[in-house]
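In what comes next, chain A is part of two complexes: it sits with chain B in the first one and with chain C in the second one.
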Partner chain A sequence: MTTIKAQMPGVFYRRPSPEADPYVEEGGTISEGQTIALIEVMKTFNEIKAEQGGTISKFLIADGDEVDIGQDIAELGSV
Partner chain B sequence: MSQLNVVSGGLYTTVQDRGRPGHYRIGMPPSGAMDQYSCAVANLLVGNPDDAAVLEATYIGPRLEFTDRRLVAVTGADAPVTLNDEPVEAWQTFAVGPGDVLAFAMIRGGARVYIAIGGGVSVPRYLGSRSTYTLTGIGGHQGRKLADGDTLPLGAAGDGPPAGSAVPEDLRLRFDSGIELRTVIGLCSYRLTEATLQSFLDTPWKVTKDADRVGYRLRGGKLDFIEREQPFGAGSDPANVVDLGYPIGSIQVPGGDEPIVLLNDAVTGGGYATIGTIISVDRDRIAQAKTGDQVSFTSVDLDTALAARARRRDRIERVRGALRS
Partner chain C sequence: MKRVLVANRGEIAVRVIRAAHAAGLEAVAVYSDVDAQSRWVRIADTAVHIGGSAVTKSYLNPDALLAAARGSGADAVHPGYGFLSERASFARAVAEAGLVFVGPPAGVIDTMGDKAAARRTAEQAGMPIVPGSGPVSDVDDAVAAAERVGYPVLVKAAAGGGGRGIRPVDSAAALAEVLPAAQAEARSAFGDDTVYLERALTPARHIEVQVLADEHGNVVHTFERDCSVQRRRQKLLEEAPAPGLEPSRRAAINDAAVRLAKQVGYRGAGTVEFLLTPSGEFFFIEMNTRIQVEHPISEAITGVDLVAEQLRIAAGRPLSFNQADISIDGAAVELRINAEDPDNGFAPSPGELTRFELPGGPGVRVDTGFVAGDRISPFYDSLIAKLICSGPDREAANVRARQALDEMHIEGVRSTISLHRKLIDNEELRAGPVHTGWLGS
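Presenting the complex of A and B:
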């Protein structure tokens, strides 16, 4: 199972702003370079981009939770 | 023209040297490498003078392309380093040539890597230093963090240690869990009850997401200030005092529940009680603490702080000696 890992620590968000829809729903298809989440650290919101395409089968961190460097963010299935 | 191409700037990479001391009275903090030891050792590994500028990268390293022959070294946080996708050792001198690309994988320990390049990053000096102070946009490369596609000027490289020269194991950083920060209590610790001060020292504090070159905000306990009628000139928060100069590394607790350690790019004064100051050497330690890490404060006296500073100086000299032999 391929996972997407956090490259930095911080607070994890699945949507660009509190009222907005999530970047991607579970089960949704993503393409390489697509933004799938934000991590807030050092007073900036950093876009987390998919390094490869596929399907997000499951998010492993809840919206607004803290995330550590190297932690699995989501499970990636094949397209 | 000798230059360095920034293919990717990473998350927060800035040009830093030893810093810009001496301007605190006009409200300018020193900036400079957060982990001074790693910065000094990186410069030694490539034969640079002690005041040469290096790159400091937080959490995600940059991708750099070289345009001529140079010595390069990486110190600080533990992250796999590659040159043209082949692994190279950190804490060790290596040679690069035109077209070579230096890159980093995910950090395994610590928070900040330092990259020294023979000849140094020769951006113009501002008030005697090449350090970047992003809040006012001075120093470094255009006063900001590096962006993809930037080019940096490099100085003329002198002789350095031969490629393969390595820092002895006991003089490299170790990343233990639970980071102890030795602290001199004061200036305004009189504002806390003795029990509160003790609980401050006993509490394991967690580094929040708000932790950068300006300061580290911590969470984990609550501190009670002694009730009083606030003096003229002090704000109404119990954590307020009449304005004072903030020591670099000082700890303030606005609201009583989230201590902030002020670091190299912090405001130089204000109206919050500073209950202690981490010793200058341990700013190197907090520099390598990342969001989510645990830190604790230990009370020490000034003699201990000075001895620790002398010991760091001695460690740097031991590296210098080891690379010479």
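Presenting the complex of A and C:
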């Protein structure tokens, strides 16, 4: 099982805006380069893109929680 | 008024607590989870925990702040800048709770906070406004409006502010592409998807006038600031007075700001922003209905304590001075020291301040919410400290700024100190005024 790691510290968001649907649901399939989450750092929103394709088996951080650099964001299974 | 709740964090919370104490008032601080050990919590008389670290759970949560005010026995609320400071519904809720809001009446925030409504009001007050449109609803509407306004245009969020929610566009095709994104962004950032168009006036200087108004009919200005040194519409360095401004032009701009404040029935401290073109024409852009980050440079050149005046006005007392009592004395410059890496695209750089040495001496003021060992959190803005340097003239202020920058040491996070050294040494900037696109060019 590989994981997707945070490239920067900040606040983790799974959706583009508070009312919007999540970028991807648990169990959803993603492709390389696809945006899967946002990390807000000092009022700047950064898109977190998948470095490889696969299936998001589980998110390891809740929407709106603080995340540290290098921390595991999600578990990625093969397609 | 005996006890003021300071509904903010960082340097402005420290600034307001100091002013409250100087006025003989008690100060109540608020803090989120990560701010529990902060400097403003320590210097306040009491402090109230208002929620989680994310801004929506604490500093942007009106219910938590109102509960903190009631629970602590505060009789007034100072909103600082940012956060809820320009949210009319918050000002209204504070007043309805029987507390004093340190700022203008909610109705005035409504009018000036809606940038499209503010333009109409300014026009009615006989102010020159940047050519622009009313609210535009869809692409067809926007393209038609842009034809009338003239390209290049800025797509601006009606509820925006602080330089955010603005997108430049130079053609109908670009406008069609940008509009839906601008509306979506305005909705998520400001809770309102209304956008309008404004002619992009370039090159132009950003000149803003500080005004103060009390409930006894006194409206004054404390002269202007030049905030043209910007990166992506974020101010980095501000000066007062505006360099090289002819006395007659200065008087015209300052008078226009006072006229607008009178027209809207303003109360408290506010800032009227203008663009000044190379030919000397000036146009109203917007009014900020709160204290501003860069207020200390106006204090430095006039001797007026703006936050003290805010508290006086809120308590129903008249301003402590008349227009004729003040004049421009010397010059001042403010440098915003941010936790950003100027060598890496200004990437945010949160972290612990492992070294934090501050400058001092005559004409050197540092406003900060932090001490060595504190963490600059990713949850909030990147401002570490404001360095305000003043002297008998602009050159003297700059010399002091250069010395202060050399004395200032920050480690643990990247900072904009190195950028400011380059700015202070820059010959074009030292020679005279620059326009808002100068740094980006």
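Brief remarks follow.
In the analysis below, the second predicted complex is superposed on the first by the 79 of 79 C-alpha atoms of A that agree within 3 Å, B and C clash if a C-alpha of one lies under 4 Å from a C-alpha of the other, contacts with A are read in each partner's own complex, and residues count from 1 in each chain.
To be clear about the criterion, contacts are C-beta pairs under 8 Å (C-beta built on N, C-alpha and C of every residue); 3 or more make two chains touch, one makes a residue touch a chain.
Keep in mind the model is a prediction, meaning the values are calculated, not measured.
Of the two partner chains placed by the overlay, neither chain B nor chain C lies in contact with A:53.
When the two complexes are overlaid on their common chain A, residue A:70 makes contact with chain B while staying clear of chain C. Once the two complexes are overlaid on the shared chain, A:7 sits against chain B while remaining clear of chain C. Contact with chain C, but none with chain B, is seen for A:16 once the two complexes are overlaid on the shared chain. Judged by the touch definition given at the top, the superposed model places A:41 against both chain B and chain C. Taken together, the two complexes place residues 8-11, 40-43, 66 of chain A in contact with chain B and also with chain C.
Interface residues of chain B, counted against chain A in their complex, comprise 11-12, 58-60, 106-108, 209-212, 290-292. Across the complex, chain A is touched by residues 53-54, 56-57, 184, 187-188, 339-340, 348, 350, 378-382 of chain C. Those residues of chain A whose C-beta lies close enough to touch chain B in the complex are 5, 7-11, 40-43, 46, 66, 68-70.
Interface residues of chain A facing chain C in the complex, by the touch rule stated above, are 8-11, 16-18, 20, 40-44, 64, 66.
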